[in-house]
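Scrolling down, you'll hit the structures one after another.
You will see two complexes here that share subunit A, one where it goes with subunit B and one where it goes with subunit C.
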Partner chain A sequence: MSIKVLFFASMADAAGTREMSVEAAGITDVISVFDRCAGEHPALESYRSSVLLALNAEFAQPSSPVRDGDEVAFFPPVSGG
Partner chain B sequence: MFGLTREPIDTARIARSLQRPEDGALVVFEGIVRNNARDKAVRFLEYEAYESMALKKLEEVGAMARSRFDIRDIAIVHRLGHMEIGEASTVIVVASAHRGAAFEACRFAIDTIKEIVPIWKKEFYTDGEVWIEGAR
Partner chain C sequence: MTQSGERYARQLALLGAEGQEKLARARVLVVGAGGLGSPLLFYLAAAGVGTLTFVDEDRVAESNLNRQILYAENDLCRPKAGQAAERLAALNRTVRLTPIAARFTGENGPALVAGSDLVALALDNRETRLLANRLCVAAGRPLVDGGIDGWGGYVTTVVPGSTPCLSCWFEKRKPGGRAPVSLGPMAGVIGSMEALAVLQMLLGRPGPAGRLMLFDGSAWTLSPLVAGRRPDCPTCGNRGEAASS
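For the complex of A and B:
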């Protein structure tokens, strides 16, 4: 089973994709999902200190627990309006 | 009324639909695509969103505005996709009995949108394009 990961704006460019699937084994929290993604797409690493984290479409913390089937999103500070 | 759209926003229609006989003030704010930013000429903009979360967050901004200010109702619509100079990217309409709360709630709403709603702007210049990141 797996976790769905979404990237937006400049982080989608850095990842080279807007969406990926991460194997749930070994995933405990949101930051462990980021670690896995940055391992596959090293350009994401430069966002580590500024990235905003979402879990199932709500803001989350690095330590927020992640379960199989969850949707995690990574994105830069917002610039709408 | 809260929404995301890829079509031009009909501000007057939103304002008319929100207004009720008991309202003494209707404040309308349009965020407009400007032809310059960061000392560069801007040709056009594109906006993208994490749509499911953005819609929830627009509703949350509206709920916060209603709880913090003495207003009757608020509508927020954000447009996504390609926008030309002069077009509205965001429309906020606030209806209330009196002007003070309506102005304050409208200012609160646009400021909060810029902080918590997952929408991003890409500026297109004559010599390239850049994703804009907000202040964190």
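For the complex of A and C:
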């Protein structure tokens, strides 16, 4: 059983992929999904405090609870113009 | 109709004379006249928005020219606001243009917001976005915002008292630490989306109100994020109705 993870824009470059899945065991919330991904792809670590988080296409917080089968998406901060 | 039907012939079928008149009566404040502000201002002027006030303290630099299509090589070192006014006047002389070559601040911001029907942000920093957001929420003015960095961009519309505000979306996350990088068409796409959102709001259509529309120019995807207003939002948490909806 697993959680689907999507990476957008520059975070896909940092992860080297647009999509991955992580084992649900040990996952409790959105930030623990990020922890798992950053463990596999250390270039993601620099986004930790700024990444925008989504859970099943809804805006999420780091502490939002995650269940098996959920989809988590990570968007980089975007403040230029 | 106070404006030429021929000029707007291709959009009148969509908007109707009544819609076109709504645009002609509208007063829009655009904060920032750079990468996003260029297409935004061009399209608002071209569509016949009656009054455009725009604020930018910068002068045209060579590094602007890859994306800031309001400006040309012979504008280098000149104040953006004045040069933008020249370009926009050449495009549509019926628009009332008020260029302001200054920084948007807590001092000049309240009067500028109060004097507009809608505010559109075309900024390169979060601090000024959140300041404008606070002023718009306090004044009850709808706000359209956009941002770009690399292959990513977003657009959203804030309707105070009804949708999440920019603080609801962003204040709990830190801004990115890197200097934003941008390819001209990314600014063109997001600035044009902002213009569309502004015109729709002026016409009474919600557009992306209440949704954070995330564009990935690398993967060519547009993803809507939805959220309710944050009950603990320091900016809009106690305003309007059903703050926790």
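The definition used in the following text is that the second predicted complex is superposed on the first by the 77 of 81 C-alpha atoms of A that agree within 3 Å, B and C clash if a C-alpha of one lies under 4 Å from a C-alpha of the other, contacts with A are read in each partner's own complex, and residues count from 1 in each chain.
Here is the rule we use: a residue touches a chain if its C-beta (ideal position, glycine included) is under 8 Å from a C-beta of that chain, and two chains touch if they have at least 3 such contacts.
Worth saying up front: this structure is predicted, and the values here are computed from it rather than measured.
K.L.:
Does the superposition put A:S79 against subunit B (first), subunit C (second), both, or neither?
P.N.:
both
K.L.:
Thinking of the overlay built on chain A, is A:S46 touched by subunit B (first), by subunit C (second), by both, or by neither?
P.N.:
In the superposed model, A:S46 contacts subunit C only, not subunit B.
K.L.:
Let me test your reading of the model: by the given contact rule, A:M20 touches which partner, first (subunit B), second (subunit C), both or neither?
P.N.:
neither
K.L.:
Have a look at where A:A57 lands relative to subunit B and subunit C in the superposition and call it first, second, both or neither.
P.N.:
In the superposed model, A:A57 contacts both subunit B and subunit C.
K.L.:
Does subunit B (first) or subunit C (second) touch A:A9, or do both, or does neither?
P.N.:
After superposition on chain A, A:A9 lies in contact with both partners, subunit B and subunit C.
K.L.:
Which partner reaches more residues of subunit A, subunit B or subunit C?
P.N.:
C
K.L.:
Who does A:I31 touch here: subunit B (first), subunit C (second), both, or neither?
P.N.:
Neither subunit B nor subunit C is touched by A:I31.
K.L.:
Which parts of subunit A are in contact with subunit B and also with subunit C?
P.N.:
Residues 8-10, 13, 50, 52, 54, 57-59, 73, 75-81 of subunit A touch both subunit B and subunit C.
K.L.:
Note which residues of subunit A are touching subunit B in the complex, please.
P.N.:
Result: residues 6, 8-10, 13, 50, 52, 54, 57-59, 73, 75-81 of subunit A touch subunit B.
K.L.:
What residues of subunit B sit close enough to touch subunit A in their complex?
P.N.:
31, 47-50, 52-54, 56, 78, 89-90, 110, 113-122, 131-136
K.L.:
For a test of understanding, state which residues of subunit C touch subunit A in their complex under the given definition.
P.N.:
Subunit C residues touching subunit A: 32, 34-37, 121-126, 129, 146-154, 164, 169, 172-177, 180-182, 187, 212, 214, 216-219, 221, 223-227.
K.L.:
With touch defined as at the start, can you tell me which subunit A residues reach subunit C in the complex?
P.N.:
It is residues 8-10, 12-13, 18, 46-47, 49-52, 54, 57-59, 61, 73, 75-81 of subunit A that touch subunit C.
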